[in-house]
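Right after this note come the structures.
In the two complexes that follow, chain A is the common piece, with chain B as its partner first and chain C second.
Take a look at the complex of A and B:
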């Protein structure tokens, strides 16, 4: 029987999804056309594109390799060890995906910088200053690896958790040692995930903006993203920015096309349950050591932010009107873009699930994934040029552009999380839904939403946190009147108001943690209540 | 003789408390039947050491098995699926059943002989993923031969097989049990498997085993 006959007919879903996909594709095209038009009309620029490409690729490649190695080691340790508070520690590493790069970069400075904890401790204990080269490639790699290795560890831990229990029992009854267990049982589960995961990490590092902006330490370590920002905001070299943006899009597109064959990595990983079989002897000691170093490496910068940021400086900051404006703007933009991301992902995901045609599914989904190839600063540049071409003032268009751009940048992750379960429901329950005569709304309310709501909460949390921590989009549109928390923090740092920056960083971190822990539960609970 | 005496266990949060008592003899197949969820796999997990009982005794020829971890128990297990590691060759899968440090030539000879014993000569280099369900079960049986443990636990091992392969596997298990003097415990909800193989039968109901007449 053909597959289409088992799918309930949902023309409205298809039309809505196709219309959205078309709109998103049109926006991509408009942004690209604006950039291309600016490129053809612009004067010559002196930007050294080749040097920037080499620098960006080198740091992204190093980040990818180190993050995967550290991520595998950490996932291995977390999978084997059982201890009180394990869920909390796993949650801590899972939060890496939403922890703003600006926060981690600032946290590293708080620990390893000239006025950081380590240097102050060294001065107090030995009278000697400990010069840690936190600015430059070392600092960039450290910040990237902290974020990306934690993200990789959480994804890989989910793979290890998914090893069938019967396979573990067989291995245990055969008396496999720790090393043999890793090569025979673990590696076949991890290996197929690594290319896709590596591609995502490479892309994240390649398009990283705030970390390089803060820790780059000058033009020598500039990446394409930062060079675009510098060309527009500092050098007023629009031609250079446009050339860099085109190179950036071309490279990102090539990476995405090359990795399209790999399985998408879902952002929803569920709860981690360690297997009963634990390693003993040397392996367990190594696992504890890995876990301890990882917790210190990841948590120490965050703890430093909270300790340095929560203090009397809050009162001073609270008296500034600009701070409250930035806070309200961040919350409104974050909430709006999270809601828009969920709406877009659900509409496109449901449309994909409503058709049996692979071509139609690809056509509906592809425009959303195109935003992987358009990094934040490039999208912002394109929108900036588009708004200018339309004769609008950027400051008037800023709120809408920042909200929509943030939603679109979160969309690939949201779709990778929600589309597969929607398609699985349609494939496995399609006949039942048809035979019961359920309408589209009833299908959504009674079948799809109860199964998806927790993942939807993850999507909303992700999108909110991405938007809250965004500096790439708002960097080009921000004004004195339109400022978000990351921009306010960056400006405070530039004006040597480090106390204000520390307080804003602490507030952003607390908001991120609250959103990431509470929203998925809130959404999960809403579906429990509806059932 | 493998003997369980009021071997007790309760899953956390579950009201039902299992208490298993049974005896299984060398060279014969002891079958345990019961509905899905009745506790058949729990019983095998207790015997294999994957679960720790809250009370009772488990002995093999009067030797207490309970303090031993799974890898040291005198037990081999054959599951319905996941019997082999798919990415390894048949020979590498079999080698996992041999003591470490065995000279390579001896290992190769023993692997080849075990494969002959289960009717699959010459498939050493074939990847497990390319084998049929029945062939996988036979390779897994060959590995239990190499491990040479006196107790063989079978957890629904024929459920995924077609009728003719099922017959071949039944004959193999019965023949090896008799020749090797294994104490084979078969858990199954298929009446025809039990009918064909069991020398001794128990039925699991309400957390207890009840011996049934053959």
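Take a look at the complex of A and C:
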């Protein structure tokens, strides 16, 4: 093989990566075994699993179809329109991937709920109350589409931006109409992305937890994740929870295997260039309309959270010791799991890049991707049972478990973002590194890190935000003394301290925005300075 | 000290040392949110008990009473709780079956209600009812059937019977009033249910917020608005089916670190001093007969009270909950 000769030998990287991959695989097995071991008892509650599966699948399928359609429309509009603040708007939609579901659900209630903005406005203007069914399937779909369509739009926009200039010039000279341009030039770029993107969205919707918990409105609208949580927390039916968890893992694995051809989408999308060739006439009006509706739909719940949450309530909240503890816990867990994610992804990615054997690369990467099939609540349940079996008090194990679990859950995305550039560096600069006689550390410091640091920043930001917004893992482990911000918010809602909940939501949103915008820049700059 | 050091130290103390060392023994009481809230009975009872016990009372609140039971079950033998306050007559059999509760071993004073339970001590009672706003709903429904007949835009908030005692009480109410027709009633209610909340606080909050037209609460809830807020616009809907009573109880855990203090606390709950706190904080009837000391406007218990067969409750409650949840799917 021509490639292998150019790769500098890095046995240490291989060993470290293989060891990590093994331990990650061992952890998956351990979690599965502890779940299986608990499955012996008979389930106490009469949960109709089949009904749950149908209900969850229907919801996920609807979410996927609507999100893809809206995502395509939005990407199309963004690709064509040129306006001041375009970068900001594109960034806004890109941030959807890290916006905690709990926050979107809460924001939707603030805007569309019976006592929300829209209804109040309608009452004031027309005296009529608008009955928007925000609890139930409608609300769940709305929250999912807000997040997933924005995510889809950002990915698809990157595809449209990647259309070669020559093809656009050709199309322009042929005088293609807006519709022809879409079918002839855009669709061939978008089409192949849709199955993989659709699978991710389906998986996200199928395993949705906080949104369904908040907006489900009871047993009529559940996902398997919520049912697992309910079986443990509401019925104390561990055997029932385990049955549900096994079904959940089986279905998620099937989805992933069925779409094995696609790798998880890289979270790092470059800057979107404003278009040179714009559509005219009706198409442009439609694009403006799509953009306006999308911005209002996406941004209004977030604006509502900031407006409702930033106020005198902050002073009251700041006097609660429990709030400060939750804040510090969240920051420590978020920072810790982000650092761990980066470390794991770099180690595994570098090991993959150090070998020319395709089989070895797959073997090293596969355990990390396995966590796509193990959703948060299931992972948490497994860890919970494991800790109980070991006779430990869950609250002592909680900080470690929550930190590690969150890191593992972001690992597939982190690896998908960092592994390809690492392999590209090894392939394209391997010869140079060999001829310079660089050691492993020098290779990392002088060659790889400067090229990767911005992506690493994206990984850290992503992982920090995932962990900051996590409710699925912490829901089973949270105690009075170990509480994160999302859990504190969920508890405040349960105790009807809406002001506290609103303020925590606003704070989480600000933290998310700050991490997502600042961290990639910070990391990017550190490498610029080193250069 | 740099910010980093400070943050790290704070984080470590937050995670590793949740409670500071205290000289006095600490009595840990698991209860529901509205009991421990500033305006609930918790603070006054804590202050009252601490004057004599030489201890510190720590409340740890869950959304509702059944959640506290689940918490104790999840924690098992490692639970830090000494006392659980807020379970009721409907949940006591299940709590007993967990084997986690010890007998109270107390000689109770003469109570206003019949009581012979060896494990749990009653501290108040009330009757479940739907509360509404008279200004917004001039003609409230007079039965579950009338409620069902209203247009679907008429919304109610219920509590999840798996986490909340009022939610469970409603299951018992419908079953006692309608027998085998209960699933039909639940199906009829389905379009009216805005959401099943985890606990009473969330449900009542949604109602006060204007998110729903009626909320499942107690016949005594309007008294709170009338007495504490001088606001007469709330009332409970008088249902012709009759009312289901709820007796709230407290129990000591076998694994209590402070079993003596725990029993003293239970005994304190039925003293005239503690009982005087209940009506205007928990807005329930005290279990000591002190009708003449109730504030004006507190209202008398409804006349039409349904009788519950506790042995049937013990055997069928789980099935009734499943039946109700199935009808809501």
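Worth a mention:
Methods note: the second predicted complex is superposed on the first by the 522 of 531 C-alpha atoms of A that agree within 3 Å, B and C clash if a C-alpha of one lies under 4 Å from a C-alpha of the other, contacts with A are read in each partner's own complex, and residues count from 1 in each chain.
The definition used in the following text is that contacts are C-beta pairs under 8 Å (C-beta built on N, C-alpha and C of every residue); 3 or more make two chains touch, one makes a residue touch a chain.
Fair warning: this is a prediction, and the values are worked out from it, not measured in the lab.
In the superposed model, A:409 makes contact with neither chain B nor chain C. By the touch criterion defined above, A:233 reaches chain C but does not reach chain B.
Between chain B and chain C, more residues of chain A are touched by C. In the overlay built on the shared chain, the residue A:348 is in contact with neither chain B nor chain C. Touch criterion not met for A:140: it reaches neither chain B nor chain C. Contacts of A:218 after superposition on the shared chain: chain C is touched, whereas chain B is not.
In the superposition on chain A, no contact is made by A:32 with either chain B or chain C. Chain A residues in contact with chain B (one complex) as well as with chain C (other complex) do not exist. If you check the complex, the residues on chain B that touch chain A are 45, 48, 50, 70-73, 75-77, 79-83, 85-88, 96-97, 147.
Here chain C touches chain A in the complex through residues 7, 10-11, 14-15, 18-19, 33, 37, 60-61, 63, 66-67, 70, 73-76, 78, 153, 155, 160, 162-163, 190, 193-199, 201-202, 204-206, 209-212, 322, 325-326, 328-329, going by the rule given at the top. Contact residues of chain A toward chain B in the complex are 164, 166-167, 169-170, 172-176, 180, 184-185, 188, 276-277.
Per the touch definition, chain A reaches chain C in the complex via residues 45-46, 48, 51, 113-115, 129, 131, 135, 217-220, 230, 232-236, 324-325, 328-329, 331-332, 388, 393-395, 399, 480-482, 491, 493-496, 498.
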